[in-house]
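Shared chain: chain A. Partners: chain B in the first complex, chain C in the second.
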Partner chain A sequence: MLEARLEQAMLLKKVVDAIKDLVQDCNFDCNDSGIALQAMDNSHVALVSMMFKADAFSPYRCDRNIALGVNLVSLTKVLRAAQNDDVLTLKAEDAPDSLNLLLESIEADRISEYDLKLMDIDQEHLGIPETEYAATIQMPSAEFKRICTDLMAMSESVTIEANKDGIKFAANGDIGNGSVTLRSHSNVDKPAQNVDIELTEPVTLTFSLKYLVNFCKAQPLSERVRISLSSEVPLLVEYLLSNDKNSGHLRFYLAPKIGDEE
Partner chain B sequence: MEDSPMADDANIELETPASDVFLPPSVHRETLYTGESYTHFSPVPDSLKPAAGSELGEPCCLGVDEAGRGPVLGPMVYGVFYLPIPLSDPLLKTTHHFDDSKVLTPAVRSALMETLCTPGTVLNQSCGWAVSNLSARDIGANMLRPTAIYNLNAQAMDATIALIEGVLSRGVNVQEIYVDTIGQPAAYQKKLERVFPTVKITVAKKADSLYPCVSAASVCAKVTRDAALEVLYEARDPARREQQQQAGDGVDEEQKPEGMSWGSGYPSDARCVNWLKQNMHPLFGWGPECRFSWGTAKDMLESKGGVKVEWPLEEDEGTSRVTDFFVEGKREKDSDELGTWFGTPAGLEAF
Partner chain C sequence: MASKRCQQPHTDSTGRHGEDDALQSRQWQRRSKVIGGDSPGALQQIPIYAAYDRYEPPKIFILPRKATNEARVVSLPNPRYNKPTRYLVCPETGIYEFTRITAPKSTPRSWLIDINANDGTGAEDKEKPDPQKSDGDDREFGAYVTKGAELYLATSIDPVFLLLPALVSEETARGEGGKKMFVESDDYFDQLSKASPHFSEILRWGSIRQLLESRMATVCDTVDAGGELMYRFSKEKFLTEMLSKAKRMSENSLPPSMEEKFVANALEAPVLGLKREDTTTTDSSASTPKAESTESTENTTSHTSGASTATTLVVDEEATAAASDLKASMQASPEVTKLQRLRVAFSFICSSYTPPPQVSQLKQQLLEQKKLVDFSPLDDYLAQVAKLRQEAASSRSMGDYSRKHVLDEEELMDRAEKKRKMEDDEKRKKAGESRGVKNLKKVNTSGMKKMSDFFKKKT
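Here is the complex of A and B:
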């Protein structure tokens, strides 16, 4: 039996909106520590990993491991009914064939209830090793989104170069080339605007911008984004589900392009 | 889509080519079979060439018109026609009664074209013409490009400019250009004026009935298109080709070939739609005679009997996959929690 009450229904809506263009069907794996999701896009270039920790819910109850096979397009349709201040409760039996979603508006004294049919999804799970990344950048998520969409106008791919001078996003395309360079800086009044770069060794990698722009759909989730790079491993783009670290995260991994121009 | 069924039912009669249409020299049979676009220029009449000692020949006016914009079958043909300015009215209008090709019957059009192409006639001696044959295959390919779509208007404009440039480069002293409009006359006129700054340009709606040289250009274009359509049809129907040949050899003069079963080639013509239906290859559709970008053809191929082609996701070359880095993890959590309390199942091989 699963019962999970999420104060902000919008949080789940934002997560689903962020990944529904990358993944169509996937399992929400529920256990006593929370609700997790891992899925790859069709071409296996990108991987999404979501974790809603039990602390994100109040209360949270999950007696046995349950896999909820959900079509994300259908889930989006249901979540479209969620209003800004709605409270969402997810309920499922132990061997469920449907997921019950309860949307409560305290203010309006309204309760909406939906049952979403589930499906059996045979999914491969990848083990993601703990990685010490060569470079980690924490920056405003809106800024990252702007860089990606701006460079998308120039080229299909972006080369991210992190060295002691800062971090450079460079795109080389048919019409010309462009780049954006960021340096570490802190804004005392608005810490959310900080750019923090941690670097242990210089690294240069090239990625498909199409995917990065796709990842940026998670931007409404969080003011900040963390980008981690190491040579020869996928790029990690992480958004926290709320400012509280214990709520969970939405992570995107993107395989680098091979045959660097360098 | 640019599907503009201009021919209403009443027009279909006029649009359907005459079966014994005159085969003008602008029909390049072999090129038509390959589905490629081409241009044909008539020789410049001696009277229009610069006289010895002078730089410029006689001042000419030039008309531009198009034929076969709407049909789903066959090429779109652009025609230009030029002759000395003073001859324009008396020769074309009064003597030969050139008019908009849509007003003239196929037989009259064909006869006019034949006169134009017969050496020794006044028409042949004082007028020159050229056509640009935009093949159905190229029209479709340009309109269906995945990026930077090259639409019909842009293709038409470029064909027109290329034709006029071709005429100018042959030494004809073109002073005035009259064009039947595609789209907004003002914008099109501006664009042409930029390309040909020294020429007086008039772009107008219904120019083909206002200016005799445009009427003549429309006849050149229309007759070329009709003949090209006929040639393409023969390619699809070998029996008919033989028949035609026999008739040509004079074996059986009595036997008139039947009309083409695809009618006018317009999407509004039931014969055309029927022909498309009956002659569709489930995978490849049709040959180079068909404009695949037309709604009629596209819908038929995609939803009515065509096989659905699944295009595998193009491998993004040079991109590695996450599976190259992360290995499939053994998910022990997947197994039933309680089940494993008492040890794992022995499996069949134990017995």
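Here is the complex of A and C:
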């Protein structure tokens, strides 16, 4: 059986909020190392991969591998009941029909309990190899979100160009064109505002902005975001769960647009 | 004597118990008592017996009044099934078979048997108590309720049938060249005794031996060899005998259940209108068969049901007379009906009392010997009916659009149901879809490769 106590119920809520607009139903695969999720959007051009490490929970217990088939909209409805300081405990049998969610508010001495019906979902897992990317940008997650939403106004797609001068996000649309260029810089007072660019070779790729904006819904999870690019491979957008490397991560992959792009 | 009572189809023929309980008739304590003997009415006239012993639940018997008190239940091989079967043998009046009448499973019944209430009534006087086990048993026994509501009915059986296995046997009377020889009756009896130890016993009783020999003579060619009669089975004589039995059985009408199922239905021609009617049933309903006066005691319920169908049939008849255009396309003539009855009776006797090999032989003979009975009018008629039925069936399948329409409607309903289900599913799926997911569907993904092009499936 599974029993996982998460000090911050909001953490799971944020993760689910970030995924639910990309994926409808997916399996939460629970094993002794933690809770993992891998799913693709309907068009199979984007992939989300989540890892909630066992360390993120206290305590965490999972005797055998369990797949929790969840409709994310339904899960969102339940998690909407979670308040900021609630502690969440997930419980499930070995072959579960439902997932038990227990929300405890220490402050208010309140316990809310939900049972969420599960479903059988056939899912294939893709093996994602470790990749050396041509360019890796670490930047404030809010900044990335802002760039994406701003450029959305101009066009449906954005061309990301990484070279020694910096990173240029450019959008070409019917009403005109626009671009945002970031240069590597460090803020001593606020390291969270740093923009770190690692470049092994210049790369230029075009992506669907709608998808990128969607990825940015994970922004509340973490102050920082890491964007990795290489030509001919999907873009990786990674958020760490709660600024703590041991908790886990939420990664989005997006296939680049190739060919007849302006 | 030889007149055969027709068994109602739902009754099982005789208590075929099969075990070889040697001369159990003696230990069986056939203690006969009249039940309800002092009540007025028909029941008083029928000797009803409860046979019982200390260990087994009592069984209810109706025995023929002419059977004497010397009659015993013995185990003899059944001619049809070649299994030991119980028969009632009376030294004076002959051999009786048992017909077991059971209540249908849907309406369970039981017997309430009160022995003591009837002590000293008519049957008690006739009864010859077993000296070893006297009244003590009766008092101990008292009243009894048995859940097996079976009624055993003893009716005469022609001993010829019992002799049949020996007469047609390959072992006896096999001479040189495989030709049947004339043989003494004792040889036949010996063979039967081998199969059933009771047989040699009953041979010594009263007039049983004479009875058996006289019956044997009716189906055998005989030769007088020095004051000693020798017998040889004659197929022709047997056929004649069987046919005369069948004729007697079918003389008036068969029992109602048989009449309806095997005669009326078989001869029924299709009506090319709404109502199906068969005029042949008229004679069956008009004539209350004489044979049934005895049968009514056997199975009252079936008789009444027969009577009720008879009335409804008459009513139907009038209805069809009024609507003259609704007539059966063919009517069976009385002659044809009679032949069909004869055929049914014949095959009934064959299938109840005759060993299977003899049955096929008999039927073959019957076909060949047209001078005995000529079934050709019946066969012609049946062929015509079959043709008409086929035509009616094909015309219905082609022309009956209303029926097809009903099917279509059902199909449509099914389809609508399926569609609604699918829509429901779709709706539910949509409900589980977030706005973001919906919006992403509108995104132009041309020029974007699928994830599976980049990442290999995990194995």
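One rule holds for everything that comes next: the second predicted complex is superposed on the first by the 259 of 262 C-alpha atoms of A that agree within 3 Å, B and C clash if a C-alpha of one lies under 4 Å from a C-alpha of the other, contacts with A are read in each partner's own complex, and residues count from 1 in each chain.
Quick note on the criterion: contacts are C-beta pairs under 8 Å (C-beta built on N, C-alpha and C of every residue); 3 or more make two chains touch, one makes a residue touch a chain.
In this text the structure is predicted, and so the values were computed from the model without any measurement.
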Put chain B and chain C onto chain A via the superposition and say whether they clash or fit.
clash
For A:L72, decide between first (touching chain B), second (touching chain C), both and neither.
second
Contacts for A:P234 in the overlay, against chain B (first) and chain C (second): which applies, first, second, both or neither?
both
Tell me the contact category for A:S208 with respect to chain B and chain C: first, second, both or neither.
both
Using the superposition on chain A described above, determine whether A:L126 touches chain B (first), chain C (second), both, or neither.
both
Once chain A of both complexes is superposed, is A:N31 in touch with chain B (first), chain C (second), both, or neither?
first
Hey, is it chain B or chain C that touches more of chain A?
C
Just checking: does A:R64 make contact with chain B only, chain C only, both, or neither of them? Give me first, second, both or neither.
first
Which partner chains sit in contact with A:I258 here, chain B, chain C, both or neither? Use first/second/both/neither.
both
Counting only touches as set out at the top, which of chain B and chain C does A:M40 meet: first, second, both, neither?
both
Looking at the overlay, what does A:K20 touch: chain B (first), chain C (second), both, or neither?
second
Share the list of chain A residues that count as touching for chain B in one structure and for chain C in the other.
40, 42-47, 124-129, 208, 233-234, 253, 255-259
Mind listing the chain B positions that touch chain A in their complex?
313, 315-316, 318-331, 333-334, 337
Interface residues, chain A side, partner chain B - complex
31, 40, 42-47, 64-65, 124-129, 208, 232-234, 253-259
Given the complex, residues on chain A that touch chain C span 20-25, 40-47, 71-74, 76, 124-129, 156, 208, 210-211, 214, 217, 233-234, 253, 255-261
Residues on chain C engaged by chain A in the complex (per definition of touch)
429, 431-437, 439-441, 443-445, 447-458
